[in-house]
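Two complexes, one shared chain (subunit A), two partners (subunit B, subunit C).
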Partner chain A sequence: MSGAAVIELTSLSKRYGSTPAVDGLDWSGGRGVIGLLGPNGAGKSTLLRMLATVLAQDSGAIRVFGLDPAVADERLAIRRRLGYLPQEAGLYRNFTAYELVDYVAVLKEITNRPSRRDEVRRVLADVGLTDDMHRRIRTLSAGMQRRVALAAALLGHPDLLVLDEPSAGLDPDQRLRLRTVLSDVGQRATVVLSTHQTDEVAAFCQRVLVLDRGRLLFDGAPRDLAGRAADRVWVSDAPDAGALRSWVTGDGDIRNIGMPPPGASVVEPTLDDGYLLIATEDGART
Partner chain B sequence: MTAVDEWHVSDHELERYVNHTIPTFARASVESHLLECDRCRGELTSVHPRPVRASAADEVWARIADRIDVAARPLRSSTTVLQVSTSSPLLILATLAVALGVITSVAIASAAAPRASLPLFVMLAPLAPVIGAVLAFQTGIDPAGQLAAATPLASGRLSFLRALSSCGLSLVAVAVSSVFVPVGLDDVAVWLLPGLALTALVVAISTWVDPSRVALGLVGGWVVAVSVWSWGPRSQSVRLDLGDFAAERRSVQLALIGVTICSAVVAFVRRNELPVWRSR
Partner chain C sequence: MTVVLESLTSETPPTDRSAIVELARIESFRMSRRVSIWIGFALSGLLAMTEARNVEDWSSQKYQSLVPMAVLPLTIGVYVAGVRSGNRDRSHRRPPLAEEAPLDGDARAWARQASLLVPVAMAVLLMAVIGVASRIEGGFEVGAGLSRTDSAVHSVFELAQPALAVAVIGAAAVAIGRALRRSGPAIVLGMVLLFFAVGVYWLWNDHLVYTTALLQVQPMGFDRREVIHTPTVIFHDLYLIGLAALFVGLSLRQAPRRRLIGGSIALAVVAVVAQLVVSPF
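Take a look at the complex of A and B:
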């Protein structure tokens, strides 16, 4: 993570009825890959939609590249440097993958046709769809359709890439390719993505935010999130009544987080442990 | 990254991984290592270089496309406009449905009460382009609307282009269908000009407020005005006279043309101000 702040959030709030989706968020971030972790309903998609300039906040302020998305001209300037992959990216099923990405390229003001053609091919190659670019969307698998939408987001080398669960529906091979692509993009731009997978955050995010009920519970490096659970994780043969959370691991042991009892076999914490500990402690407080 | 520093995936294994010729158990092992090891991820990138070179057929097609592009350069901007404005099949269908609905209503009314058909046509025909334009502003009408929402053109210009195409399509549909009602082509001004003026007003005002509300207000006003004109207490003396309106009411026609042009200018100037693309 380096450079000046690309995103600045000040007391940012958004409610749906009486339910807070984002609740007084203060945060700023610069270049690199930033992962948003949190349960369903944590406010990840709402925050990403506000960053992508498609949803207005109720109160507080957002600045992207120092610009205010509430001002029409500044919103346009942000959108010229933005790539956005929504959670539910509908596609024209009768278009080919090439035609769909080409259409979004038109919307992104890439009007010079030879340049547009090169750019469309580049992003389709980045997501591994070169061989399938002339197939109709309706004949592509869900994972391939997701990659078409991702290719559209990558058009024009955006300085800010906002991705809502980009790896949803991708197989391991495709996920690996995605990580390689996004790591490359993160070298020169800001990538903000939401995910449910802590291994994804560990693999290529330089910074992780944990959200729950619209509040920021953690902001730091992935290793620091795991570090939050240092000396707080132990394994046992049976669920420990004193643990905050206990679950059965793949090898049949019971893994516990909380305050270990004397003599417990404390183990090295993982990112999952750190995330679960923070979320559980917060749930117990509220 | 301590444990992974001691062992790395060989080039041969990486190639087999990329080519899907590695056994499943080894694939899982290689993948879990790749997730942890920057060096091997870098190696993987060189084994599977990007961008992938296009096939010979693609290269040939690209050259053909270039030739066509040069020949069609004068049309380029208009084809881009066409691509954007007609990219929602649902919108085109909905627009046609509205236009046909209007003409069907008039045809049914014409059969039931011949004297009512003309005022009804004048009342309903201008509404088709207005409704078509309002439909163009609905994000739900576009299956790929979410994908388009954060692009520069979605700041208003996309909706304006669609509103234009939708309005044009409905006008053509109504004009073609008007052969079934007692309105000749000479009398086109009596419904076309109000239709254009109302549509342009809706598009211009929608840069401030929700186009559906604007349309509801203007359409309601138009329906009441035509009803009073045609069936109100003074209807016998100020009965709508098509010939009079089309041929002699130049001032009214000019006023409608003026409203259309002014609204179009306002819409163009404020083309990036459309609030509907930022939901609350």
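Take a look at the complex of A and C:
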């Protein structure tokens, strides 16, 4: 992870009615792939929309590339270096995949036709849609439509890529391809993505943030998140009443997190364990 | 605390105009592939031919009805295409496509408005055919008694009205499409209104109303006088230009929205007053 801050958030807040979606967030991040974990309603999408300059904060400040998205000129400058994949991409259903990505390329001011054609083909190849690029959006599966939207976000080699659940609806093969693409992008740019897949975070994120109710519960490397649950995870034959959370694993064992009882069979924690421990402890506190 | 190393100059170049031109080119290409436009164009041609072959029930009938009938289906087709085009980023309760892109909703609205040059060109073609064919055929019967002629032809200014009306309807459709979340009811309502505005053209040929009609049908006849009055037509053309600019302004959200709306309303009002001043009625 590069030390140069591409994103800086200072006391950032956003409310919907009386519900805080993002609650006084202070954070900064630079180059690399940053994963955003959190339950539904944690404020992930709201935060990403603010980073993508399409939603204004209620209070606090955002700086992207050192620029303020609230200022029109600076917002435009940010947008010229930004790629964004929203949860719902609003694709034009009558366009073919190629036409749609080409259209977005023009929206991103890529006007030179030969270079635009090459760029559109490149991003469609990156998401594995070369063979289906001339099919209309409405005839594509949900996963393929997601890949079209992702291709549009990748246009123009953005310096900041903001992705809201990029792997939703993708099959395992496509997820693997996505990891490769995003890891490559993360070498030279900042990628911020939200996900519910902790294995995804473990696989290619250099940094992970855990959000809940708009507050930052964890910020660090994925291994450190797993490390939070060191000596706090044990397996048993029956649910442990003293555990914070217990669940049945695929082997039929009961996996518990919390404070293990004496003599418990403590096991190596995973990212899932770390995430669940933090989220559960925070839930218990509030 | 992290030091910000990557920073841009505050002198950001404005939105790339060549990108808006390129977007307009793409939108025009898509407009030219709209089925509703081609159905409208074909029906317009068919109606024009049918109307031209009809035997007149009274003098001036063909002169009056040919132009409105020849453009009615095209106006409906343009309206449907315009609403759908303007509504593209509003439908399905989804965010606009590439909301974060440098070309915002206004840039897209400009491009969609520019794409209306395609159906306007179609209307020009239809009117050119009518103008040339009527001159070859020797013109139409207009008037009665001593003022009767059977060689009346539509002036360029009269033939420009349908093309301008198409521009007005298209611009209004794009503005409506951008303003509404659901385009279906707007399309149905608009089609009904267009039928009354263009199809029932004689409703708009009465005192005062003729100044604000979408299509001002000549000859105008009041108190047993029938007159084809070109200065009134010219100012009515100006009124339509004002109306088209007004709807272009209404389809925008930022500058030059207010200037465009103000200027276009002023032009339309001046054009209406000018018609009242120069008109012989």
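Criterion: the second predicted complex is superposed on the first by the 285 of 286 C-alpha atoms of A that agree within 3 Å, B and C clash if a C-alpha of one lies under 4 Å from a C-alpha of the other, contacts with A are read in each partner's own complex, and residues count from 1 in each chain.
The definition used in the following text is that contacts are C-beta pairs under 8 Å (C-beta built on N, C-alpha and C of every residue); 3 or more make two chains touch, one makes a residue touch a chain.
Please read these numbers as outputs of a predicted model, since none were measured by experiment.
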{"item": "Subunit A as common anchor, with subunit B and subunit C clashing or fitting", "value": "clash"}
{"item": "Partner chain(s) touched by A:A203 [first = subunit B, second = subunit C, both, neither]", "value": "first"}
{"item": "Partner chain in contact with A:P172 - subunit B first, subunit C second, else both or neither", "value": "first"}
{"item": "First, second, both or neither for A:R63, with subunit B first and subunit C second", "value": "second"}
{"item": "Subunit B versus subunit C as contact partner of A:P114, first or second or both or neither", "value": "first"}
{"item": "Touched partner set for A:V6, first subunit B, second subunit C, both or neither", "value": "second"}
{"item": "Touched partner set for A:S183, first subunit B, second subunit C, both or neither", "value": "first"}
{"item": "Touched partner set for A:G30, first subunit B, second subunit C, both or neither", "value": "second"}
{"item": "Partner chain in contact with A:D231 - subunit B first, subunit C second, else both or neither", "value": "neither"}
{"item": "Partner chain(s) touched by A:G90 [first = subunit B, second = subunit C, both, neither]", "value": "both"}
{"item": "Clash with subunit C (superposed arrangement) - responsible stretch of subunit B out of 2-10, 20-28, 56-64 or 92-100", "value": "92-100"}
{"item": "Where subunit A meets both subunit C and subunit B, residue numbers", "value": "52-54, 73, 76, 79-80, 82, 84, 86, 88-92, 100, 103-104, 106-109, 111, 152, 162"}
{"item": "Residues of subunit B defined as touching subunit A within the complex", "value": "20, 31, 34-36, 41, 44-45, 50-52, 54, 58, 62, 65-66, 69, 76-77, 80, 83-84, 87, 89, 142-155, 158, 272-273, 277-280"}
{"item": "Residue ranges of subunit C touching subunit A (in the complex, touch as defined)", "value": "1-8, 10, 12, 14-16, 18-19, 22-23, 26, 88-89, 92, 94-103, 107-108"}
{"item": "Footprint of subunit C on subunit A - complex, ascending", "value": "3-6, 8, 28, 30, 52-54, 63, 65-67, 73-74, 76-77, 79-80, 82-84, 86, 88-92, 100, 102-104, 106-111, 152, 159, 162"}
{"item": "Subunit B partner contacts - residues on subunit A that touch it in the complex", "value": "52-56, 58, 69, 72-73, 75-76, 79-80, 82, 84, 86, 88-94, 100, 103-104, 106-109, 111, 113-114, 117, 121-122, 125-126, 130, 149, 152, 162, 172-173, 176, 179-180, 183, 199, 202-203"}
